[in-house]
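In the two complexes that follow, subunit A is the common piece, with subunit B as its partner first and subunit C second.
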Partner chain A sequence: MDVLETIKTRRSARSFADQPLGPHIVEAIEEAILYSPSASNAQEAHVVIVQEKARIRQIKRFAQGLSGWPAALVILCSNRDEALARGGIDSAETLRFINLGVAASAVMLTAQSLGVASCPVRSFHGESVAAIAGLPEAVRPELMISLGYADQPPRPKTSKLLREMISYEQYGN
Partner chain B sequence: MDVLETIKTRRSARSFADQPLGPHIVEAIEEAILYSPSASNAQEAHVVIVQEKARIRQIKRFAQGLSGWPAALVILCSNRDEALARGGIDSAETLRFINLGVAASAVMLTAQSLGVASCPVRSFHGESVAAIAGLPEAVRPELMISLGYADQPPRPKTSKLLREMISYEQYGN
Partner chain C sequence: MNSTEIDVSREELHERLMDFAAYVLTSARALYREPQSYGPMRLADTLEKTLELLRAAGVQDEAVDKAMTAVRESRPLAMTDPERFATALDRSIGRLVQATLSESGRDKE
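What follows is the complex of A and B.
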């Protein structure tokens, strides 16, 4: 599917069919993550892909923001120490979150282009998710993306008007 | 172009041909921004698209990270106050940067899919760029994306290995 069309048609999904992702989907997600650019090429992110039903069930107990039963969870983690060492203070404080957004976008758009719905999740208990995913101390889970085949139509999106979000040459134009 | 193919082929461009973007390109970039999801749909970002040569020249004086002479600059700005009001403290501190990354990715991938190269730029003097773009006090420029037709082949990308970046079920697996 065309990139812009993919961006325009993606909506967050909150209910999923009981159907695992095919291996070609997981492979595509892996590639999307690997090829995502990061500032100064610091690549301080780490990603855990969870597909075991029991583990997803465990994580769900600590993630009130996670709706439905997705086929997979992509846990986007960030290593502040590595960001600091490889990219400096701006990477540690700000850029590593921008990098995570870039990677999250790549995962969601790649999934959408292959017919797989997604939802970014930020409301979860970080320490519990870290324990379930066996993360070392320095690697913190910052965002999860749920993936699966949507079994309900998405909510309609309400969006700001173009002139509220975008200016030309100068603010307000 | 296919989404994953677009992700895999995009590289940062640092030298551009002296050629403006067509209006259909600018329209596609606008749509990519408008349809980019933001946490809690807070949409606290504001974007200024600069195409005037004189203004790009002015900005370039205050942006050591900006290489070459792009046809356009997309200035991704963030409003901390609006993020706080619409999404709470987590939006103000972290999510607004993740949102910017999602939007930056949408801009870069849409451009790439239409044959337009890009480079994210973070090294610039924020106050000077804000003044040139006429930003109100609360709206701060956080990231610029240069856009244009690349006139040099991109540098090869060095990437971490898959097993360094991605684990399955638990960290290290």
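What follows is the complex of A and C.
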């Protein structure tokens, strides 16, 4: 599947089959994370991949936006201290979150290219997820991605008109 | 309201109760910062989870289940089309009104 086709066919999945991810899927996700760019090449993010059913249930308990029972969770975490040390104030204040967004996109598109559905989730109680995932104080969960094999068709895509989202040369043109 | 067989163990019921309590509390906490349209959606999901929990515990109500039909059908629209979801809520509420009147016998007057 080429990149644009992968982007266009990806939809957020909210119901998953009871089927684990194969090792090659997890390895591909790991590579996607490692090869994601970061501002100033700070590489300050940390990612926790959760596949144990019992731990997924624990996390789901405190993640009201997490639908269905995914085969895996990818918890994307920021580290403000490391961002400041390696990427300066811009990274500490803003870029560490952008870096996570870039990594999240790489994870979801890699999964999609391998036939694995995904859904980004921000509706969770951060302190609770941090406690369950055993995160140190400086490492905070910012975004989760659920991964698995969708067992329901995706909802139709709705998006703004091109002219509402994209201008040429100057805003509004 | 009907009582039916309990189809899960007490241990599983306890787990589901914990899931439910955590869901409601984390939802309440998050709503201080989330979009306004998340509120009705979380409440509808809370009711759905309540019904699932009660069903697992052997309690079921046909009138409530029927009333939920409109909300269930429109649930995907809760965030993208709040007005249509609000209309679905109205339809479900209307079904409950009918059930209420039916219970009291006022609909026959």
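FYI, the second predicted complex is superposed on the first by the 173 of 173 C-alpha atoms of A that agree within 3 Å, B and C clash if a C-alpha of one lies under 4 Å from a C-alpha of the other, contacts with A are read in each partner's own complex, and residues count from 1 in each chain.
The rule is short, and it goes like this: contacts are C-beta pairs under 8 Å (C-beta built on N, C-alpha and C of every residue); 3 or more make two chains touch, one makes a residue touch a chain.
What you see is a predicted model; the values in this text were computed from it and never measured.
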Partner chain in contact with A:S113 - subunit B first, subunit C second, else both or neither: first
Which superposed partner A:Q64 touches (first subunit B, second subunit C, both, neither): second
Touched partner set for A:F124, first subunit B, second subunit C, both or neither: second
Touching partner for A:T158 - first (subunit B), second (subunit C), both, neither: both
Subunit A residues touched by each partner, larger count belonging to subunit B or subunit C: B
Overlap of subunit C and subunit B interfaces on subunit A (superposed complexes): 158
Interface residues, subunit C side, partner subunit A - complex: 15, 18-19, 22-23, 26-27, 29-30, 34, 38, 42, 76, 80
Touching residues (chain side subunit B, partner subunit A) in the complex: 1-4, 6-8, 10, 12, 28, 30-37, 39, 41, 43, 45-52, 55, 90, 94-95, 97-106, 108-110, 112-113, 120, 122, 133-136, 139, 142-143, 157-160, 162, 165-172
Subunit C-touching residues of subunit A, taken from the complex the two chains share: 57, 60-65, 123-125, 128, 155, 158
